[in-house]
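A, B, C and D are the chain letters, set down in written order, and residue numbers restart from 1 in every chain.
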Amino acid sequence: MARPKIVSLSEAIGQIQNGDMLTFGGFTVWRRPMAAIYELIRQKKRNLHLVEVNGGTHDDMLVGAGCVEIWESSWSGHELYGKFGGNLARKIEKNEILYEDWAHIHVLNRLTAGAKGLPFLPTYSAMGSDILNPENDNLGKAGLRDGSNPHIGKYKYVIYKEPFTHSEIVLVPAAKPDWCITHVQMAGKEGTVRVEGLKFSDQEVIKASKHNIIIAEQVVPEEYLRREPTQNMLPGYLVDYIVELPWGAHPTGLFGAYEPDGPFINNFFNATRTQEGFDQWAEEWIFGVKDFQEYLSKLGITRLEALRANPSLGYSSTLKRG
Amino acid sequence: MARPKIVSLSEAIGQIQNGDMLTFGGFTVWRRPMAAIYELIRQKKRNLHLVEVNGGTHDDMLVGAGCVEIWESSWSGHELYGKFGGNLARKIEKNEILYEDWAHIHVLNRLTAGAKGLPFLPTYSAMGSDILNPENDNLGKAGLRDGSNPHIGKYKYVIYKEPFTHSEIVLVPAAKPDWCITHVQMAGKEGTVRVEGLKFSDQEVIKASKHNIIIAEQVVPEEYLRREPTQNMLPGYLVDYIVELPWGAHPTGLFGAYEPDGPFINNFFNATRTQEGFDQWAEEWIFGVKDFQEYLSKLGITRLEALRANPSLGYSSTLKRG
Amino acid sequence: MEVKKGNSKIGEFKPIDLLACAAAREVRDGEIVFAGTGLPMLAIMLAQHTQAPTSVCIYESGSIDGRPIDLPTSVADARCSYQAAVAHGLTDVFEQLQSGKVDLAYLGGAEVDLYGNINTTFMGGPTGKRLTGSGGNTDIHSLAKRSVLIMPQINQKRRFVERVSYITSPGWRIPHWPDQEWVPKQEVYGPAFHGGPAAVISDMGVYRFDENGKMYLDTFHPGFTPEDCRDNCCFELNISRVKGETITPTYEELDLLRNTIDPEGIIIK
Amino acid sequence: MEVKKGNSKIGEFKPIDLLACAAAREVRDGEIVFAGTGLPMLAIMLAQHTQAPTSVCIYESGSIDGRPIDLPTSVADARCSYQAAVAHGLTDVFEQLQSGKVDLAYLGGAEVDLYGNINTTFMGGPTGKRLTGSGGNTDIHSLAKRSVLIMPQINQKRRFVERVSYITSPGWRIPHWPDQEWVPKQEVYGPAFHGGPAAVISDMGVYRFDENGKMYLDTFHPGFTPEDCRDNCCFELNISRVKGETITPTYEELDLLRNTIDPEGIIIK
């Protein structure tokens, strides 16, 4: 297992193939690898299979751009900046996408099972909900649980009468994405990864994935991170590619660095009420710029600086929110 | 759920009843709650049921003192300071104790299942070993798997042919000890707990337990710990009692504070070659002193200071080891 | 400045003030509370400033017992972790939830039904209007000891239904899969049964659940009658157990909401 | 001071030096290695100083890729975490082990048998002499891709047996429970089969395992003959595939062991 390569964003994203299963670090509109999302769309990836603990602005962009064939998660929306995932909702309503709804714990268990080398993990969550209604096993109904796709479990779930207390419990199958893309505050030159603030479910989803791309706000000396190994999240041998990209999570937020860009996300959400609206938005913000640097220049320093966090708080003390 | 009480060691240990199931934080000869072990012996607890990820100097003392009816773990010894658990080995060889052998992952899974509110967790570890030989299900052979003891699973384990990949996998039952006693570097006045250095399996075993006693090397202002919530291990509502006791892990080691007292442990190990040897040792070091303060005075400042860690390293740079 | 004592009168508070205060009063001191974005944040913070100073707030993104000095706008907001006891992640807090450590949880939904089942996935079922999906809603409603739903009701009668069009989160009576037989929640959850929906708080009244897990009117908000509440449900609401009017916010509660908890006017516009 | 080039001769190294060097040579550069207390620590540190500079050492207590400047005396020793990439705990490293990320593991034991089964629990079975028990021995031997056993053999013939008296850790042929039928490891482990015992290194020779999972002599240490090795096993050791003498430690390896890795003489007395 060699050390990770430090490469350009386009080179890292270029490794991802059409049809691959992807997951992402972060949580809703926080610490999402947005620069990588834009690049996936620019490189016109197709038939991607997303499996996520929860979605957010990032996955709705991929869905709107036609990159996604299968969406599996528990949620999609933009927190207070947009009521739901506009592109996902439209495509679900028009039967233009395959989707599977899960509880938070279900997807977390699926990826944790992948990380642990287990075929399944049990949970009591969501029993009696329509998430477990056999009628709503959409991948099953589409005939995709025939074992031909290694990323799709033979069953959505199995209810198991366990022998120890004789309760019924839900077993969900392991998920092992081909790729996980995660934005973090710091990575060392040998690939040691540090996340500041909440880790969400990053350790689980990264360990579950065959390959990992880490987008680091900053690459720092390895020795600096190793002074406090209890504060690091991952060793370098779990990382394939490292990309250094300041502001790379914009318009989502990065603890200790910058706030989510609420108006930007809200403007995106409003655009997604129609496919045309999204296409125009993508033309302006994704295809209309050559790369992420041009995107940042288009946003401008004033807009970005207004999002900068106050180091004593981890968030901005000046941002107008009311 | 009220805040934890800050109490004396004897008051905290006084809450533990004969027959209770106990587990402990730490790993082999590191960060063990030794002062609490001495107090358990002084208070003559009986019929305790130990379930531990691994044992060490601490559990062999409890076994030697006749406090333990059932021992369940993966290991007992003193690292380089003593080849095996002398008291445990003798009592096993003389059929004077009930024991159940496990793999590390088995016990870790049993306590993690308890922490997660699950009846079991799966693992592939130790398949084909005599740990899983039905002949070696000692609690079963003793007729204790009849459901009358809530701490003893109906089965030691179940081999399950799982439906997703059709592999055989081992399901081990949850363990939920009545008490976990853990020595840590710092606890806040409201009970927030911080462990420096390796966490071992402390989070899992503490969360699995109904009640928790935290022995803190130092009690610190709550606000101090809350400046860095990512570095804290537990919130106060999971803790019942806090005891402040410097050097409370001696003769085991405490990261960043002091080394294990190798000669002390080795001397203990040599004493345990016979019951009489252990009894004499206990008379001198446990019953011969009124409390832990007197124990520390008996050890003396010179011996203790020789173990003190160098803050730049987390261990002693002067201790003679060769 | 001295804050007036006593309870405010109609006209002195907004509907959202009453919602926040009624929700806050559900918390008992020392309880472990799961809260989500929006009104629940106001409610738990208000409770901590009043009758439940040692109650603990957990956000599903992983922060535990934060002491925000600025109102968070999402559960992963950096503001949630300020002076928190612990800030790890989802595995930590969801395992505490599943093992029965969460006393109370605040939830919302697009639809709620007679048995406290919640829908946040599809209005009108899988062929209807797509919403966000569950997120942690189903996990929390499944596994918390008590959940409190905060719902708009005025001119939103369609949100209070006999049976939700999609069960995102299970209430007191639920289908047992795969046989689809409707049974009490406890029969399905067995040893993992910790409780269920305790109250629904709307902008018209406070609703609770009886021995059979059916919703009934507990108190109606000032300006409404029990009949108004019943007429704004799509099912025959039991109003026979009504205790009277919902207690209005105290001046102290209003002052806390406006000047301490949400001075920026993020939720309380 | 300039270190002599080339390999040392008999009399210039101790048996333990050869053990450490032979063990170190099992590591390929870049591999993820699980190591325990004692000789394994010398072996992995020596490998990192020689042919495997980017190999990573994991200790089961939770430290990953530490760069100790002082030799640890246990896997939870604070020295293990010095300049480590990560220092969490058991769950982290055991899940990496179970998911097949560990290339090589060093283990010891009281007994090893023809199929690489290890005993660290009872000499003579459950009615015999009690030892420490498994610890992580069985987890690691079960789930690592290759394990290397380091065993004393001189005057310890009883440690090399046809079948261990208690299988703490499963080798290439193991019983399938509950039917007790002896089968190849792969049949029992299915998708979790990552490999098994690769070598046994004693103070007399280096042993490997054939297509059928049976131990054979690969090289014999200087001063011994293949027959000496065979005569110090309680089973009929296959010496027909012997390659020759074990390569002796280089002067550089000896210098590293004595002056860089264990200058305090903790393991190399």
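What we mean here is this: a contact is a pair of C-beta atoms (placed from the backbone, for glycine too) under 8 Å apart; a residue touches a chain by one contact, two chains touch by 3 or more.
Keep in mind it's a predicted model, so treat the numbers as computed, not measured.
K.L.:
By the touch criterion stated at the start, how many steps lie between subunit C and subunit D on the shortest route?
P.N.:
2
K.L.:
More contacting C-beta pairs: B-D or B-C?
P.N.:
B-D
K.L.:
Starting from the mean Cα coordinates of subunit A and subunit D, work out the distance between those two points in Å.
P.N.:
Each chain reduced to its C-alpha mean, subunit A and subunit D end up 41 Å apart.
K.L.:
Roughly how many whole angstrom separate the Cα centroids of subunit A and subunit C?
P.N.:
A distance of 28 Å separates the two centres.
K.L.:
Can you pull out the residues of subunit A that are in contact with at least two other chains?
P.N.:
117-119, 123-124, 165, 167, 169, 197-199, 203, 230
K.L.:
Can you list every residue of subunit C that touches 2 or more other chains, as numbers and ranges?
P.N.:
63, 81, 87-88, 98, 143, 191-192 - these are the residues of subunit C that touch more than one other chain.
K.L.:
Report the complete set of touching chain pairs.
P.N.:
Contact pairs between chains: A-B, A-C, A-D, B-C, B-D.
K.L.:
Which stretch or stretches of subunit A touch subunit D in the complex?
P.N.:
1-3, 114-119, 188, 190, 192, 203, 207, 223, 225-227, 229-230, 232-238
K.L.:
Within the complex, which stretch of subunit C touches subunit B?
P.N.:
30-32, 54, 56, 63-67, 81, 83-88, 92, 95-96, 98-101, 103, 143, 191-192
K.L.:
So in the complex, the part of subunit C that touches subunit A is made up of which residues?
P.N.:
Residues 37-38, 60-63, 70, 73-79, 81-82, 87-91, 94, 98, 121, 126, 129-136, 138-139, 142-143, 166-170, 174-178, 185, 188-192, 264-266.
K.L.:
Sort out for me which residues of subunit B touch subunit D in the complex.
P.N.:
27-30, 53-54, 73-77, 79-80, 83-85, 88-90, 92-93, 101-105, 108, 112, 123-134, 136, 159, 165-169, 197-204, 253, 255-256, 259-260, 262, 309, 313-315, 317, 321-322
K.L.:
Considering only the defined contacts, which subunit A positions touch subunit B in the complex?
P.N.:
Per the stated touch rule, the residues are 117-124, 153-155, 158, 162-165, 167, 169, 171, 173-174, 196-199, 230-231.
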